[in-house]
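Chain naming follows the written order as A, B, C, D, E and F, and within any one chain the residues start at number 1.
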Amino acid sequence: MKPLAATIASLVLIASPSIRAEQPKQTLDEIRRVAPGLEKYTTGRLFGEVWKRPGLAPRDRSLITVAALIAMYRTDQLPGHLERALNNGVTREEIGEIITHLAFYAGWPAAMTAGTIARRIFDGRKP
Amino acid sequence: MKPLAATIASLVLIASPSIRAEQPKQTLDEIRRVAPGLEKYTTGRLFGEVWKRPGLAPRDRSLITVAALIAMYRTDQLPGHLERALNNGVTREEIGEIITHLAFYAGWPAAMTAGTIARRIFDGRKP
Amino acid sequence: MKPLAATIASLVLIASPSIRAEQPKQTLDEIRRVAPGLEKYTTGRLFGEVWKRPGLAPRDRSLITVAALIAMYRTDQLPGHLERALNNGVTREEIGEIITHLAFYAGWPAAMTAGTIARRIFDGRKP
Amino acid sequence: MKPLAATIASLVLIASPSIRAEQPKQTLDEIRRVAPGLEKYTTGRLFGEVWKRPGLAPRDRSLITVAALIAMYRTDQLPGHLERALNNGVTREEIGEIITHLAFYAGWPAAMTAGTIARRIFDGRKP
Amino acid sequence: MKPLAATIASLVLIASPSIRAEQPKQTLDEIRRVAPGLEKYTTGRLFGEVWKRPGLAPRDRSLITVAALIAMYRTDQLPGHLERALNNGVTREEIGEIITHLAFYAGWPAAMTAGTIARRIFDGRKP
Amino acid sequence: MKPLAATIASLVLIASPSIRAEQPKQTLDEIRRVAPGLEKYTTGRLFGEVWKRPGLAPRDRSLITVAALIAMYRTDQLPGHLERALNNGVTREEIGEIITHLAFYAGWPAAMTAGTIARRIFDGRKP
């Protein structure tokens, strides 16, 4: 029964909305079918242009994106952008400090949820 | 093992808060037990009066309700009101355009989540 | 005494955030000096493309934009988009119904503020 | 010079959105002209029924209303409801503690603005 | 098959973000690993000091905390604070009235979700 | 005429919520009179400890604070933190890019208001 429980648990995690966003490619495929205009602007402008603009370093863009998502409680999008932040050079310790700092600016509930999501992302990247 | 996995997946979906709201009747029964006043105002005023006021067409009321839910990231209530919007004459293509348009006004995260929910609703109505 | 009162009034108007947004051209000039990228995307994409996409009528785009602004309590941007909604064929009576309807979905405070701003816009357009 | 300063002050007050809400009667008159349905539900249901329901004491209703307004940063409506809370038996010291407590739950910015508004209300009620 | 379905259902509930927050101890352990500063401020200041300040009764603190969480749609944190509110002397009937009252101030969607969460908490405490 | 204009300007500045926050010292004095606990935590913990924690550079803390304020539309607190960001090494050009970037994540209205406030701060610091 143990392995089944494990399967169930993993299925549950896959179905959890916060995790889904970790697979940006799949999400974009979904979006294309529903809102082709949004997919076009996401690929062509947001990721194709805005993130590459020279006026702000990618690490800085990740800092402000993660901060905005935490502050607005956009839990579906936070996992993917935490991954991206780690890839852009923000360390796990810095993410922990961001969450601590934003508890004071966006309120404890937003920070506690961000902490729970961050732990799951950190665990998922472990060797 | 396959059929079981399917059962599990469907159970997971049933438990997902965003789906539950598609069954407004069941939700109202829940609300009545907890907050009978809210159930009374929902049935008597909001759906019994406000939605029927002559000053704004039902399709227009659906447009602004869906827009408000997307903008406020009220993910539990969006599925039911997307169904209602389709019933009130808003097409799937128009819902896609609403989501694209609101990406610019309410931010990408709100629009991406709305797109994912809309796809699920559209798929669920397929013959 | 008149000119002084006029000076005072204009100072007050400059300081009032809700009024400033009624002059979109002046706002865009301000934005260009601070965030030239934003001005470019506003002119080139948001107003140059998105609002002109054929999938949703301009009146419908005004309905959802006004609804999103009311729901998010974006009081600076509401005046300009109320003007735009009136120009796109939304009547004053319909704006009143939108505000009434959204009181139930976005809460009374958002609706009351929207009502106060709408009255000011309506009065300002009177012959 | 006094009368002029008074004129200036009154102009400033008229322009300041946070102050306007202190005169609920005037606001309701404004709302009636723009959104008669909203005025009807405000007078007939919200103040005529909901606030008078026996299940929750008026002081408790003021506590949760003020908390919700602070948390949502609804600055236009906070002054009037702070007045109402004082009339319903919430003390100035308790309002100060509410603001301190909510700094942790709604974030520092919401609390700091609430503190500034509360001071103005307190000063305005002084003999 | 029945017992398995029950197991699955309970697992799903455990994985549901809204339920997780009911076990504050486990959440704090998670937070400590990710954001040790936040755990320190939560234990030392928020629960160790703020909640114990004499200026506002624990029942009043629960009222405003629950109101802020409902108004901000912080669904992860609401279950734990509904439990706390019940422990601090807020009755189930009063929670129902809070939800009804806040439908008017924070909007129907926030209240409906709060009602669904409250029912689950009430059911979970039944003998 | 000059001194009178100055008086007027100062009155207007006092009444304008967005400007008040530029004088953090005066704001803290106001807060102390209304919510002494909040003033204590602001001075002792938030500015006395959190901002000085070694895990995140002051410039990074300014980036995430400004991002959170823009995303949450906390217009009263943005001016003071834009000043602080400039003092912590964020350039005016970078602030412009932050605003452009966040238009996509927090929506155009939040970014437009931020741009207007930033221009005023930049102008006020000019020699």
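As a convention for this text, a residue touches a chain if its C-beta (ideal position, glycine included) is under 8 Å from a C-beta of that chain, and two chains touch if they have at least 3 such contacts.
Computed from a predicted model, the values in this text were never measured in an experiment.
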Open item on the list: Let me check something: if the centre of a chain is the mean of its CA atoms, which chain is farthest from chain C?
Closed with: E
- [ ] If you tally contacting C-beta pairs, which comes out ahead, A-D or D-E? Let me know.
- [x] D-E
Open item on the list: I want to confirm something about chain A and chain E. Since they are copies of the same sequence, is their interface symmetric in residue numbering (over half shared, so same) or not (under half, so different)?
Closed with: different
- [ ] Please compute the C-alpha centroid of chain B, do the same for chain D, then give the distance between them in whole Å.
- [x] 32
TODO: Averaged over CA atoms, how far is the centre of chain C from the centre of chain E? Could you give it in whole Å?
DONE: 37
- [ ] Measure off the straight-line distance from the CA centroid of chain B to the CA centroid of chain C, and report it in whole Å.
- [x] 27
- [ ] Let me have the rounded angstrom distance from the C-alpha centre of chain C over to the C-alpha centre of chain F, please.
- [x] 24
Task: Where chain A touches two or more other chains, by residue - done: 4, 8, 12, 37, 41, 45-46, 50, 53, 55, 69, 71-73, 96-97, 100, 103-110
TODO: In the complex, go through chain C and note every residue touching chain B.
DONE: 45-46, 50-51, 53, 55-56, 60-61, 63-72, 93-94, 96-98, 100-102, 104-106
Open item on the list: Quick check on the complex: what are the chain B residues that touch chain A?
Closed with: 4-5, 8-9, 12-13, 16, 18, 73, 75, 92, 95-97, 99-100, 103, 107-113, 115-116, 118-119, 122
Task: Sites on chain D touched by chain B in the complex - done: 37, 41, 45, 50, 53, 55
Open item on the list: Which stretch or stretches of chain B touch chain F in the complex?
Closed with: 71, 103-110
Open item on the list: If we count contacts the way the header does, which residues on chain C are in touch with chain F in the complex?
Closed with: 4, 7-8, 11-12, 14-17, 20-21, 27, 30-31, 33-38, 41-42, 46, 69, 72-74, 76-77
